[in-house]
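Each of the two complexes below includes subunit A, the first together with subunit B, the second together with subunit C.
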Partner chain A sequence: MMAWWDDFFWTYQNLVYALGINGLLALSIYVVLAVGQLSLGQAAFMGLGAYSSTIMTVKFKLPFLLVLPASCVVPVVFALLIGGPTLRLSGVYLAIATIGLGEVLRAVYLNIDYFGGALGLSGIPERAGVGAIYGLLVVALLVLWLVGRSHIGRAMEAMRTDETAAEVMGINVPRYRLGALLASAVLAGLAGALSAHVSSFIGPNEYGFEPAVTILSYALLGGIGTPIAPVLGAWILTLLPEMLRGLADFRLVFNGLIIVIAVLFLPRGLLAFRLRRS
Partner chain B sequence: MNRRHLMTGAIAGLAASTLPAAAQAAGIPVGAIEILTGPAAAYGIAIKAGLELALDTINQKGILGGQKIALTVEDSAGDKNQAINAARKLIGRDKAVLIIGPTLSNEMFAVGPVTNERKVPTIGTSTTATGITEIGPYIFRTSLPESDVVPVTFKKAQARGVKTVALMYANDDAFSKSGFDVMKAAAEKLGLKILTIETFGSKDTDFSAQLTKVKGLKPDAVTISALVEPVSGVLLQARQLGFGKETLFIGGNGSNSPKLGDIAGAAADGMIVGSPWFIAKPDPLNTAFVAAFKAKYNKDPDQFAAQAYDCMFIAAAAIERAGAADSEKITAALAKTSYTGVMGPFAFTAGRDPASSEGVVVLEMKGGKFGIAS
Partner chain C sequence: MSAPVLELAGLTRRYAGLVAVDEVELAVQPGTVHAVIGPNGAGKTTLFNLISGIVVPSEGTIRFLGQDVTAAPPFKRAAAGMGRTFQNIRIFAEMTVLENVLTGLAPGFTGGLLAVVAMLPGLRRAEREARTRALEVLDIVGLADRAHVPAASLPYGDQRRLEIARALASAPRLILLDEPAAGMNPAETVALGALVRRIRDAGTTVLLVEHDMGFVMELSDRVTVLNFGRRIFEGAPDTVKREPTVIEAYLGPKVATRLAGVTT
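Take a look at the complex of A and B:
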C-alpha cells in the first residue's frame, strides 16, 4: 500500500506542486481584480520572483529560507516603480501598460547573458516542496479572507462596484490600488520562486503574455467574490489537461469546450457568492 | 505550424493512436514525450511517425522471445510542465522502462532530471543543444549536436574560399541561440574572421537594418542560426537589398527543412546547410525507409522522422541485448550500442552523445530543393 502511494504521489508530484503554485497566482490576480483593476503583469512579477530567487540560489548559494522571502523584494520594487505612473490608468489601459512590463522584462532576460539568454537558467536544485507551497497558499488564503471581511474588504468591494462613489465616501482609492498591486506582486513573486525551485529550469518565454492571460482566466473561471473562488478556477484549469490525457488528441477540444460552457453559463464564476460581513 | 497543420496532425495522430491502444494490454512498456499540439507540433508529429514506422517492423518479429513493445506517446504541447507531468505519468503509471524524447532541448532540461532521478534511460532524438547529456548518466541522445554538424559545413565553406563571415541569429529561442554559440566557436576555431554579429527576433519580419550593416562590411559568407521561417525572411530581404552570388549563405539545423524552398523559393538558392541525413541518400537502408514511410503516411519523411526511426531500432536492440525489460540493464546495453541505420553507422560516446559525425552531408539549395553540395 505504501509503495503504491509513493508511486502515485511521485507520478502526480509536479501536478500537486502546480496546483499550489497556480493557486497563489490566482490569489495574486484576485487582489488586483478585487479593487476593480485589470492587470496583466502577474506573469512579469512571477518571472521577477523566479529569476531573482534562482540567481540567489544558483549563483550566490544562499539558503532557501532566505531566498524565499527575498524573492518578493524585486517584484515589490518593480511594483512600486511602475505603480506611480500606471495606477493613474484604469481598465484596459492599465492592462496594456502591464503587458508592456512583461514584454520589456522578457527582452531583458533574452539579451543579458547573465540571465542565460534564450537558454534560460537550468540545474536549479529542488528546494521547495508540498510544505512550503501549501503552507504559503493557506496563509495567503487566510489573510485575504480576513482582510476581505474587515473594513478594508468593504472598501475594496466599494471600489470595485463604483469607484467614483467610493471616492466620494472617503475611501483613499490610490492607496488601496497601490496596496493591492504590492500584495499581488508579493504573491506572484513567491509563486515564481516556488515554481523555479521545483522544476529545475526556467526560461524567458514562461513569463510572457500567454501565462499572464492564463492567470487571468483562473479568476474569470472561478469568480472573484471570495479568495477561494479564483483558487478553485486555477485548480480546475490546471487539472483539466492532465485528467483529459486519456482523450489523447481530443483533449484540447474538450478542455476548451468545458471552459467555454463554464463562462457562458456561469458568467460570474463558479463560486459567485460574496464574503459575509458582520 | 498553423491551424491546418494542427488539424491534419490531430486527425493523423488519432488514426495512429486508436489502433495500438487496443493492443497495449501486454508488452514491454516504452514511453515517448513529443509535441503533438501547438506551434511546434510539426516536429513531434514527424518523430511519432518515425517511431511508429520502426515499431511496425520491430513488433512483427518481437523482441526478448517474441514480446512486443507497447509504445505510449504523450503530448507535451511544448510546455515544460506538461512535459514533466507526461514523464512522471509514463514512469509512475505506465511503468515505462525507457523514454524517448522530449522534442525540445528546453523540455529535456526539465524532464531529464526527473527521469534520471528514477534511473530510467531517456533518449533524445531531436535535442541538439549543448549540455543535454550532462544532465545525468541515464540521459542519451541520438541527434547529432550542432557542434558536430556545423564544423563540417564551415569546412566546406572554407574550401570554397570563405575567409570572413557575418553571424546572424534569433536571440529569443534556445535552439537558435545554442546554434549560434556553436557557429561562433567553429568560426573562431577554423580561423574565419568574424566581421559582425547581428541578432533579430524569431517573429520579426523586417531585417533590413541588420542586413544593410552586413552588406556594408562585405563578408564572404553570412551564417544564420534560426528556425526556418525567419531564415526565409532574412534570405528574401537579403536578395531585395542586392546580396548576390558572391555572398555564401550558411544555415544551421533550423534551415534544414524543405519549407525553406517553399517559403523563400529562388532567394534561398546557393544556401548551404549541414544535415545528419538527406532524403535522397543513395543507401539501400535509406531508400527502403523513405519508400516505407511514403507508403504508410503518404508524404516524404524529414530528418526528425529519420532520427526517430533509427532511435526506435537502437532502443529495441538495447532492450534485446539487456535480456530483460529492466531500466538498469537497458542503460548498460545502450552504452554498448553499435548500429547502422538510415543516418549511417551509430555508437554512443562515453558521454552518451553520438560518436561519429560521418553521416553528415552538406546540402545546397537549388531551385527550391536541397541537393548535395559540390
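Take a look at the complex of A and C:
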C-alpha cells in the first residue's frame, strides 16, 4: 500500500499538489460568486500571497508556520484597498476592475528588481506538502459548508438571487460583499503561499489574466450551489489536461470545448443542487 | 393625533428631463391603512423606492418613526421596522417558502463567522426562534402547509402572499405594499383585503399603492392621489371619489366638466 502510494506520488507529485491548491482557488472564487459578485481578483490575490510569502521565506528566513498565516495579510490589505472603490460596481464592471488589479501587479513584479523582474523568484525551499495543502482545503470546505447552511448562507443566497430585495429585507449587503472579498483574498493568498512553497519558483506571469479566467472556469463547470461543486470543477479541469495527453496540441481546444458545453447545457454547473437548510 | 409613522417633506426625485416625484408631502398616521393612488406613471412606485431607500431623493426629507432616514441605506430602514413588497414579485425563487420568510428576519441575527463556525448555542436558539416566528407568519397569510416547498412552485396569488409574509416576518412598524392585488381574482382580492385589515389591527401601519379602486375605497382610512409626480389630493376615501381634480387626472378635463355639470 505505502509502496504503491510512494510510487504514484513520485510520478504525480505536482498533480497532487495542483489538485489541492486549485481546490482552494475554486473556493476563493466561490465565496464571491456566492454573494452574486463577479469579482475576478483571485489570481492577483494568489500572486500577492505567493510573492509576500516567498520574500518572507527567502529574504527574511522566517519559519513556514509563521509565513503561511502571514501570507494572507498582503492580499487582505489589497482587498480592503480595492474593496471601497469597487464594491459599488457590479457585473462586468467589477470583473474588469478586478482583472485590472492583476495586470497592475504583474507590471509591478516585472519592473521592480526586488521581486526578481521577469525571472521571478527562485530557490524557494519546499516547505508545504500534502498535509498542509489538503488540511487547509478540508478546513476551508468545512467552514464554508457551515457558513452556507447558516443564516449567513441564507443571506448570501438572497443577495445572489436579488440584491435589491435582499437589502430591503434588512440584509447588510455592503458588509457581506466586503466579507466575501476578504474571504476570497485569504483563500487565494493561502493558495499562493502553498503553491510557491511546493514549486521552488514563482514568476510574474503566473498570476495574470489567464489564471484569473481559469479559476472562474472551475466554478462555471462545477457550479456554486454548494462549496464542493467548484472544487469538483477545479479537479476535473486540472485532471483533464493530464488525461488528454494523447491529444497533444489539441488539449486546450478540448478543454475550451468542455467549458463551452458546460455553460450551454449545464448553466448551473455539474453539481446543480443547492445547500439544504431545513 | 399621535406622531406620524412616516413623514415626507418636499420629497423630489428628478431624472433627466422628468420629475418623477415632485415635492410630495405625506404623513402616514399610525394604525391606519393609507393608500397612494394615481394614473399610470404618476410616480407611485418611485415614491415607494424613495421611502424604502432603493432610490435616493434629489431633494426633501424622509422621517421614519421620528428619525431622519433620508440618507439611510435600505437595510437600515428595514432593521428600523420598515417592510415592503414589490409590484413585480421578487421572492427568492429557489429557496423554500420558509427560507424566504427567514430572510425577512435577517436583522435579528447578530452572529458572525466565528459564531457560525463554533456552532454557538445562542445562534442555534436564534435560528429555532426564527423558524417558529416564520411559521407563525406563514400561518397568518395561510401558507403554513406549504412551508417546505420551493417558492417558485407556488401559484401566483400565493407568491404574492409569501412576499407579504416575508415583509411581515420581523413585525415591522410600517409595511409598504406595492399593488398587492395586481393579477388576483376577485375571491383572492377579498381574502387579501381581510389580510391587510388583520395586519393593521395587529399594529402594523400599512401604506399601499393599488389600482383596484374598489379595494382601495373599502380598505383605506386615508387616500393620497398623485398625478405627474405631484400630490393633487389627500382625504378620506369617500371624498376622493367626488374630487374634481382627481376625476380630471383619471378621465381628462372634458369628462370632468361634464360630470361636474351632471352632479350640480
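We take it that the second predicted complex is superposed on the first by the 270 of 278 C-alpha atoms of A that agree within 3 Å, B and C clash if a C-alpha of one lies under 4 Å from a C-alpha of the other, contacts with A are read in each partner's own complex, and residues count from 1 in each chain.
Following the convention adopted for this analysis, a residue touches a chain if its C-beta (ideal position, glycine included) is under 8 Å from a C-beta of that chain, and two chains touch if they have at least 3 such contacts.
Owing to the predicted nature of the structure, the values given are computational and were not obtained by experimental measurement.
Peer 1: Looking at A:G170 after the superposition, I want to know if it touches subunit B, subunit C, both of them or none. Which is it: first, second, both, neither?
Peer 2: In the superposition, A:G170 touches subunit C alone.
Peer 1: Just subunit B (first), just subunit C (second), both, or neither: which does A:A18 touch?
Peer 2: first
Peer 1: Kindly classify A:H151 by the partners it touches after superposition: subunit B alone (first), subunit C alone (second), both, or neither?
Peer 2: Once the two structures are laid over each other on A, A:H151 reaches subunit C alone.
Peer 1: Between subunit B (first) and subunit C (second), which, if any, makes contact with A:D162: first, second, both or neither?
Peer 2: Only subunit C is touched by A:D162; subunit B is not.
Peer 1: Inside the complex, what are the residues of subunit A that reach subunit B?
Peer 2: 7-8, 10-15, 18, 110-111, 117-120, 122, 199-201, 203-206, 241-242, 245, 248-252
Peer 1: For the complex, give me every residue of subunit A touching subunit C.
Peer 2: Listed in rising order, the residues are 143, 146-147, 150-152, 154-155, 157-158, 161-162, 164-174, 179, 274, 277-278.
Peer 1: Under the touch definition given earlier, write down the residues of subunit B that touch subunit A in their complex.
Peer 2: Checking each residue of subunit B against subunit A gives 10, 13-14, 17, 36-37, 74-75, 77, 80-82, 84-86, 88-89, 91-93, 106, 109-110, 113-114, 118, 129, 131, 171-174, 176-178, 199.
Peer 1: Which positions of subunit C touch subunit A when the two form their complex?
Peer 2: The contact residues of subunit C facing subunit A are 52-54, 73-75, 78-79, 83-84, 86, 90-96, 98-99, 102-104, 106-107, 109, 111-113, 116-117, 119, 123, 126-127, 130, 148, 166-167, 170.
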